[in-house]
Every structure is written in C-alpha cells, then in structure tokens.
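Several structures are given next for inspection.
Two complexes come next, and they have one chain in common, subunit A, joined by subunit B in the first and subunit C in the second.
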Partner chain A sequence: MKKIGMPRGLFYYYYYPLYKTFFSDLGARVILSQKTNRITIDQGIDAAVDETCFPIKVYFGHVKELCQHDLDYLFVPRLVSIEPRSYICPKFMGVPDMLRASIDNLPPLIDITVDLSHSDRAFKDQLFKTGKLFTKKSSRIKASYEHGKQELAYCQAIAAQGYTMSEAIDIWQGEDIDQQLNGSLRIGVLGHGYSLYDEAISMNIISRLRQMGCTVVLPEALSIDEVEQEAAVMPKRIFWTLGRKMVGSALKMEKMADVDGIIYVACFGCGPDSFIGEIIERKVSDKAYMLIVIDEHTGEGGLVTRLEAFCDMLKRRRRHKIEDHISAYG
Partner chain B sequence: MSYYLGVDIGSVSSNFVLIDEFSNVLEKIYMRTEGNPVKAVKQGYKELMEKMKGNVNIKGVGTTGSGRHLADIILGADVVKNEITAHAVAASFFHPDARTIIEIGGQDSKMIILQDAIVSDFAMNTVCAAGTGSFLDQQASRLNILIQDFGPAALKSKQPVRIAGRCGVFAESDMIHKQQMGYPIEDILMGLCEALVRNYLNNVGKGKKIEAPVIFQGGVAANAGLKKAFEKILQMEIKVPPYHDVMGAVGAAILAREYIEEHGCASVFKGDAFITEGQFNSSSFECKGCPNMCEVVCIKRDKEALAYWGDRCKMWETSIGHKEVG
Partner chain C sequence: MKITYPHMGNAHIAINAMLENLKLEVIPPPPISKKTFELGVKHCPEFACMPLKINLGNFIEALELGADTILMAGGWGPCRFGYYAQVERDILEDLGFDFEMVILEAPDSRVSELFQQLQALGKNVSIWEAFKALKFAWYKLQMVEKLEKKFAYIHPRAADKNRAEDIYDQGLLEIERAQDKSDVDEAGSKNLERLDNIVITGEEPIRIGLVGEIYTVLEPMANYSIARCLGRLNVEVDNSIYISDWLNDHLLGSLAKKSHRKHLVKCARPYLNYSVGGHGLETVGSTVDYARKKFDGVIQVGPLTCMPEIVAQSVLSSVSKDEGIPCMTLYFDEHAGTAGIQTRMEAFTDMLKRKKTLTALTH
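After this line comes the complex of A and B, so read on.
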C-alpha cells in the first residue's frame, strides 16, 4: 500500500475530506501530521524563509514532521485559485518550490496545480493524472473524485451547524465532539481558516470565547449566496477568495440581529489581511468590531485581556441597551 | 473601618489602593514591578498596611493588570478583571461625564470611548509598543534623565524638533541624529512627546471621534510634556485625574466593592498572615506530557503549590482545583 503524507495546515481546513477520500478510495494510505504543537512551530520557523506568514511557517513544520515517515509521496498542491475570477494569496503558489528549496530529503512531491480561475478542467486533468499513480482504471479515479466531493460537502454541512472546520473534520472522521452551542453572547469570528481553526496559531481563540460564555458564529455557518451578495456591495470586486468571503461574512453578520459583535483574526505578516481587516473596520458601523493580530508570540495575556474586555463591553452594553452603536477594534 | 483593596500589577508599575464604602481613595501605593510581580504584590501590600498602621478590615479585593491572576493567588481576590474594564470603571466614577479616556501604561496604550458611563468602544495598541511608558523610560535613561524630570524638562522647550513616531526604532535613531546635530535636549524631549501623541492617535485612535471631556490616565499621564502635546494636537483641554497613576487599582477596588455589595458575601481575601508570613516563589518547567511542551508556571507558598498555569490542556491548571485563568 502506498503511503501519502498530508500536512495538517493551510487548506487542510477547507479540503482535507476531499483529498483524504480520493486517495483512500484509490487504495493509498493517507498519513496526516499531528495537530500543530511546539515542535511543529519550532521546526517550521527554522525551515521557512522569514518573510512568509506564520501559517506557512507552521505548514513547513508539518512537512518536516511528515519527512520522518517513510512516505511514497507528499501531497502539497500548488494553490492558485479555487473558483472563477478569484485567487489565493500568491505565497501559496510558491509553497512547493519553497519547500524544495529549504528542506532536504523531501519525499517525492505531488504538487498538482489547483487553478480553477477559468475552468476546472486543468485541475481535473492533473488530479486524474495523479490518480494514475495508484490505479490504471479511469473509472475508479473518477468515482473516487466524485466520492471525495460528496464527503467534502457532508463535512461542510457539519461545519454549518456551528462547528469549526477543524471540529467538523474530526466529527467527519468519527470523533465525538460535545460542543455547547448556546452561550449568552453571540460573537462572529472571522479569519483565514488555516489560522483561525488551528488552535496553536489562533491561541485557542474560539475555545476561549466559548469558555467565556459566548456562542461563536463562523463564516461556514452562513449561506454562501448571502455572503457573496453582501460582498458584492464593494465598489471593486475583491479577487482574493478568502478576503471576499470575510468581507461578505462580516457584512452579513452585521445585519444579523442576534450577533452582538464581530472579531477579525488577522495574521501579522498577511498582505491581504492588512487590507481586509481595514475594509471590514470601515464598512461595519453597526456592530462592535475588534481586530486581533496574531503572530509567532506565545504570550497570551494580551489576547485574553482584549477578549475579556470585548465581552465585558458587549455585556454591559446589552444591559444598558445602548441604541447608538459605534465600532470597536483593538 | 472596612475597606476594599484594589491591586493593579502592570508590566512596569504595581499599584495598590484602599477605598472605603463610598469609593473614596484613602491610601495609595505606586511602585515599580521591577520584573518581579510576586515580590511586588507582597511588598506593596505590606507597605500599604504599614501606612494604615494595621487598622484595617478588608471586606473585598479586586485585581487587574497583566499580573492580575498572580495577585489573585497571593491575595485571594473577589474580582479579577481586565485592565480596560477596570480603567473605564474608575474614570467614570471620578468623571461621570467623561467621553474619552486616553490610557498609556507601561507596555500598552488604550483608548476607551464612554457613553453614559458605559464603554461603547475601545482600542488597544496592536503589535507595536512604541509610545508606551517603557519606551519613554528607556529613552529617559539613555539621555540620563530621571523619568520624573522628563515632563518638566520637555515643558521648557520653545521649538520642539520633529521626530518620527511611527516606530520606536526610527524614533530613537531620529533622536540620536538630532542630538548629535546639537539641538537642545528639551526640544528633543518635547519632539518625542509630540511624536508619541501622533503615533497614538494614528495607531490606537485610528479615526475615532475624540470628544471632550478627555481624561488622560495611566503612569505616563504624570508626564506633563505628553499632556501638553495632546492638548496641542487635539486642541482640547485634557484632564489628568488626581489618582491617574493608580486608576486601574481604583477600578479594581470599585468592582470588588460592587461585587461584595451585590452578592452580600464574605471576601475570599486570604488575610494578613497568609500574605506576609509565607515565602512565595514562582518557578517554571517544561511539561513533558505531550509534544506541545508547554512552559508551566508554578506559584508556591513555602512548599505548598498554590497554582499552575501556562499549559494548553489545563492538566496542571486544574490539578489543584484553582479557578480558571482566562
């Protein structure tokens, strides 16, 4: 049985069920790296070039971990675009090359290009070519791909019930997750999935809010059409997929009467975030808004103080029923 | 007499106040944390009690500041509150009509917007600590000026020089350049004050509407140069409240009083003997339980472990039934 490694980072949080199903159906054994821990982070920071963002450094750490397994392949798709007329951050395009340049003794990489900006044909071609590494039967490859898409949709439906993508993947894999989904405050939390749902990168922000008695509303729980509709109010279409999703989600949450406040989690080194966080701040005028910038630091004090103060403010505001809302950030 | 104790353990200073049932401040201590919050809590408490000549019955304790959890372990606090809420509570007590609070402390700066004495908006500096107390401290010691003399010296300036305030590193190299060119030191100091104010307004204030009355508090409010720079740039009168340097502690004490009065319960205050007689120590170790290798802190009194924290899985933290940190 061929072993294929998958780093638990970046678009793992959006696509893992698809790839896992695809390769498993083709008879490969998928090896996933562990949840991000200190070793992952230390190794990643060591291996990656300094200018990349923190989530990419963490991804390098996951690759380093997988290198210790005796793998036949390492699956690190080259992400360019996942939908028409929209793109993923350019750093993602370079990830396979950066990996080759900075890590020795890599297993053979499967670095198919994911570019759906015009059509999905090129991507399918490449994926099917990849499938040939495992089977000769085209019908089996096609069936595996279709099955993968179904599983992904199923996992997305789990997330829509209020779970993070990370939890949804765990549930999809058969784990039991008991999550109280009814806190007194409802807070919309936005950010790139690969930083938000990685507990080490986001310093557990979602669990922390839940422990403080908040229900967390995530973009995955919103209808895609409504999000797109809200994002369309921008004078120029935002061509970053995730950025547009965040702006649309923020504007949608602003209109949701049961959402008390919105928090945006940005990465310090993220180019698109430096625009998107700012755009949301300017556009969201009817709800409390806070921008939290995270990076490699492990000091959690500042984060806790801001979250506590934000929750205190929302509670006190609610108690005094201030009609007049002003935006907040920190 | 019955009093409420408020404690604010900040990165640079540790503050202690005692208030009575009407929230009047009876005594205050402002001291340097000097990198040792455990010692600061104990010493500050001792000094406060000496000043009160032991004639004190503490009915409630509130802690705040980045060392609030540590202070809670040693003192036994009824309320452990973040510093934003504590500052807002104190400011709106002294100035019920306050609309804007500028708060600059040792490692962070905040802006709090109040409406009907309730926080309606706040902002805190993000990743940059330029323009906070520790940066001023550092510059003062580089120029061999006592921090207490910084403000009066800056006020002597007639023509402040332009210093880049966007970044602490640039500000420093700008200051060195101007100093080597021979500009008078008071003009450089005032220039620095103005640079910090611009940085604060751009970084923290980011287009927020600053409405009068404006209250300036936190340790840095003692610096008359900065007060003047704020007034010059905002074109408004800036009020520095009498207990500006210990406002966090005052807020914590008021919150403790409110809590005790509301719940009608007895304080969890640990008492004089517990605090003054024991030897408090903190140590840290790397947990080997999983690959996260969390740095766990242990607070001990003599040989007894009082609290652990710093572990992500909370295995240590919950091991001695201590209430959650967070």
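After this line comes the complex of A and C, so read on.
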C-alpha cells in the first residue's frame, strides 16, 4: 500500500475530506501530520525564511515532520485559485518551490496546481493524472473524486451547524464532540481558516471564547450567497477569495441583530489581511470590532486579557441596551 | 481639473509630459521626503507595504497643493498593488479630501482600451492627440533610461563621483523641461556626452544585479538610494527592471519593444515554476540570468512583508547555491536606518571583492 503524506496546515482545514477520501478510495494510505505543537512550530521557523507568515512556517514544520516517515509521496498542492477571477495568496502559489528550496530530502512531491480561475478542467486533469499513480482505472479515479466531493460537502454541512472546520473534520472522522452552542454573548470570529482553526496558531481563541460563555459565529455558518452579496458592496471586487469572504461575513454579521461583536484574527505579515482588516474596520460601524494580530511569539496572557476586556465591554453594552428600553418615567 | 499622480523613480518625467499633452493642468506631488513618509505612515494600515504609504503621502501633499483628481493604476492581484487605489480612496475620503480618482486598469492585451482610457481623461483631445501624447512620453522615458544606464556605467568608474551625480541630476532636469522631441534629443545627447567625458579610474568595478519589487528597485527614496551608495563603493549596479519594460509587458502588450520577460521566465525554472504575482518570478529569473552572465553578486530589494518577494527570497537560497552567485536580501520599511544599510552593503561588496581576487589568484 502506497503511503501519501499530508501536512495538517493551510488548506487542510478547507479541503482535507476531499483529498483524504480521494486517495483512500484509490487504495493509498493517507498519513496526516500531528496537530500543530511546539516541535512543529520550531521546526517550521527553522526551515522557512524569517519574513514568511506564521501559517506558512507551521506548514513547513508539518512537512518536516512528515519527512521522517517513509513516504511514497507528499501531497503539497500549489494553490492558485479556487474560484473564478480570484486568488488565495502569492505565497500559496509558490509553496512547492519554497519547500524544495528550503528542505532537503523531501519525498517525491505531488504538487498539482489548483487553479479554478477559468474552469475546473485543468485541475481535474491534474488530479486524475495523480490518480494514475495509484490505479489504472479511470472510472475508479472519477468515482473517488465524486465521492470526495460528497464527503467534503458533508463536512461543510457539519461546520455550518456552528463547529469550527477542525472540529467538523474530527466529527467527520467519527469523533464525538460535544459543545454547548448557547452562550450568553454571540461573537462573530473571522480569520483565515488555517490560522483560526489551528489551535496552536490562534492560541485556542475559539475555545477560550466559549469558556468565557460566548457562542462563536463563524463564516462557515453563514450562507455563501449572502456573504457574496454583502461583499459586492465594495466598489472593486476583492480578488482574494478569503479576503472577500471575510469582508462579506463581517458586513453580514454587522446586520445580524443577535451578534454582539466581531473579532478578526489576522497573522502578522499577511498581505491581504493588512488591507482586509482595514477595510472591515472602516465598513463595520455599528458593531464592536477588534483586530487581533498573531505571530509565533505572542504571550497568551495578552490575548486572554484582550478577550476578557472585549467580552466585558459587550456584556455592559448589552445591559445598558436592555435598561434603555425601560422608560425612565414608569 | 487639476490632476496628480504618485511618484516612482523618474516616472514623473514621462507622466508629466503625457498629462500636459492631454491638455491637463498637472500638479505633481512634491518630491518624496520625510514628511511624505510620515503622512503615509500616519494614515495607512500599519502592516501595509511601504509603497502604499509613500503613495498616500504623495497624494495628501498634492491635494494640499490644490489637486482635485488623482491618477492611479490598478490591477487584478494577487499582489496587493491591485487594491491600492481602493484603500487610498477610502482613507483620503475619510480624511475629508474632496477629489476624484481615475484608475487606469491594465488591459489584458488590448492597447486600444488604454488609449480610450487616456482619451477619456484628456480635455477635448482626439485619439490622435492621445496617441501623440503617449508617444512623446515614451520618447522621454527612453531618453531618461538611456541616461540612467549611462550613469550606472560611469558612476562606479568615475574619479569624481560628485561630478557624475551632478551631471546626471542636471540631465534629468533638462529632459523634464524639454518641450518637444528636439529638446529631448539635445538635453539627452549633451548630458550623455558630458558623462562620457568624465575622467575614469582604471580599476574595473565589480558588478551587482539589483532585483526585486519594481517600486523599491526604481525609487531611491524607498531603497535609501542603494544604487548611488553602491556606485560610491565602486560597484556597477545593473537594474533588472526599468519602467519601460514594465509598461511594455503589462500595459502595451509588448508592442513597443521586444519583451525580455519570456527569457526570464525560462531562467526561473526549475527554481520557481509559477508566476506568483508582483515581480517574484522576474526576481528569480533575473538572478539566474545575472549568475549566467557572470555578475559578482545580486541584491534583492523589496518592501517588508511583500508577498511575491518572500516567495522569491525562499527560492534564492537554492539559486545561490546551484548557480554560484552570492545573494543578499534587503527589506525596507519606514524605519530602516541608513547606517545599517550602508554597513551591510559595505560588508557585502567587500566579500564580493575578496572572492573575486581569490578566484583570480587561484586561476
């Protein structure tokens, strides 16, 4: 059985069920790196150039971990675009080349280009070609791909119920995750999935908020059409897929009466975020908004204090709002 | 309508010429200064890349001088530049400025679209006049670049560096003032000749290629004048990119002259196999090209957090190893101190000189 390694980073959080199903159905064994930990981070920081953003460094750490396994292939797609006329980020487009230059003794890379900016033909061609490494039967490859797409949709449906993508993937794999979804405050939390849902990168921000008695509203729980519609108010279409999604989600959350405040988690050095954070700050005027910038050496204490202060402020705001409705004259 | 535009190296000479020939009243932004930086840094998002901050500083200074229209270029990513104009407009509007923004979106291949945009911009000008305005600007630009290239050759070799710099600065000024083609020719040839007549030391300088993000390469204020600084260290600096190349590749659909880009893309393989936006691919391609042309070293420059340049930088380490060319990366933001940059450049050039003498000796 051929072993194929997949780093638990970047678009793992959006597409893992698709690729996992695809390769498993073809008879390969998928080896996933461990959840991000201190060693992953240290190895990643060692391997990547200083100026890259934290999620890329973490990704490098995952790749380094996988290099220790005896792998037949390492799956590191070159992500260019996942929808028409939009990009993800230049760094994602160069990831396989950056890995080759920075890490020695890499297993053979499967670095297919994911570019759906015109159509999904080229991507499918490449994926099917990859499938040929494992089986000769085209029908089986096609069936695996279709199956993968179904599983991905299923996983996305789980996430839509208020789970993070990382929890949704765990549930999809059969784990039991119990969580209460009815905290007193409702806070919209935005950010690129690969930093927000990686507990080491985001320093557990979502579970921390839940522990403080908040219900977290995530972009995956909003309807895609509504998000796109909101994002369309920008005079020029935002050409970063995730950036547009974040602006749309923020504007949508601003209009949702039951959302008390919005938190945006950005990574230091993230190009699109440096603009998107600013755009949201200018557009969202009716709701409390906090921008948190994280990198590899943030103290957790500072984050906790800011979250607590934010929640306290929202609680007080809500109390005042309720009192406002009572007429002062009986 | 009083129109203004952002600075980038010597581009203002050509832009001015074009806009004036479109019969517009032009208010060029004051030269980039410390104040420009301060204004930009104050109002821009903290982590935005430096060209945005300088652009915004330019606009604020020009608007304060009475400009009411801003000419800016656009793009469709993935580099942040494509969204500059939008962010700048939002910031300036929030600051209470009253202005209009004209954004020239790069046509994918149709030059006619560009003409139409230009004609729409001009005041009662015909297509023919728009074409002539563009052609004259292009002519000036080429003369400017001839002078730039000559200066890059003479400066490191000149015995009197101050004189070379003075002639160059004077030459640029004269080309800027030139009203028609013959004026441009006269200003150009006169100063080219004066540069040629400078006394030259016999020593052959080492050669360094300057690669990286276009704005940082071309704008001396954005790179602490490293080209001039290197020239004074007797290093010949070859710019990997000129404005005319960029215009030719991205706006004019390679109609104006033969494009060099294909060659660079070929050079970049197998190190970088995909265009990563901005000038990432060109940076890698040029570095390989310089290595094969037997340059002594390469300096990569870019604004801090520039995404395409980070990709290129990651790859450059293996280019450096495989092609045998020393590379150094310098990122610039509003805080860089000149002394630190100067020291690093001196160390780098000393290293290159040593390497050169050592190899010469072993042969």
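As a convention for this text, the second predicted complex is superposed on the first by the 320 of 330 C-alpha atoms of A that agree within 3 Å, B and C clash if a C-alpha of one lies under 4 Å from a C-alpha of the other, contacts with A are read in each partner's own complex, and residues count from 1 in each chain.
FYI, a residue touches a chain if its C-beta (ideal position, glycine included) is under 8 Å from a C-beta of that chain, and two chains touch if they have at least 3 such contacts.
All of these numbers come straight from a predicted model, not from anything done at the bench.
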Between subunit B (first) and subunit C (second), which, if any, makes contact with A:Gln150: first, second, both or neither?
-> neither
In the superposed arrangement, which partner chain does A:Phe268 touch: subunit B (first), subunit C (second), both, or neither?
-> both
Once the shared chain is lined up, is A:Asp312 touching subunit B (first), subunit C (second), both, or neither of them?
-> first
Go through the superposed model and pick first if A:Gln68 touches only subunit B, second if only subunit C, both, or neither.
-> neither
Using the superposition on chain A described above, determine whether A:Gly94 touches subunit B (first), subunit C (second), both, or neither.
-> second
Which holds for A:Trp240: it touches subunit B only (first), subunit C only (second), both, or neither?
-> second
For A:Asn204, is the partner it touches subunit B (first), subunit C (second), both, or none of the two (neither)?
-> first
Thinking of the overlay built on chain A, is A:Val293 touched by subunit B (first), by subunit C (second), by both, or by neither?
-> both
Residues on subunit A touched by both subunit B and subunit C 268, 293
Subunit B to subunit A touching residues, read off their complex | 66, 81-85, 108, 113, 115-116, 118-124, 126-127, 206, 290-295, 312, 324, 326
Contact set on subunit A toward subunit C in their complex = 48-49, 51-52, 78, 80, 85-91, 93-94, 96-98, 100-102, 113, 234-236, 238-240, 268-275, 277-279, 282, 293
Of subunit C, residues touching subunit A in the complex = 45-49, 74, 76-80, 82-83, 85-87, 89-90, 94, 271-278, 280, 304-308, 310-311, 313-319, 331
Give every residue of subunit A touching subunit B within the complex, in rising order.
-> 34, 37-40, 199-200, 204, 208, 211-212, 268, 281, 288, 291, 293, 295, 298, 301-302, 304-306, 308-309, 312-313, 316-317, 320, 322, 324-330
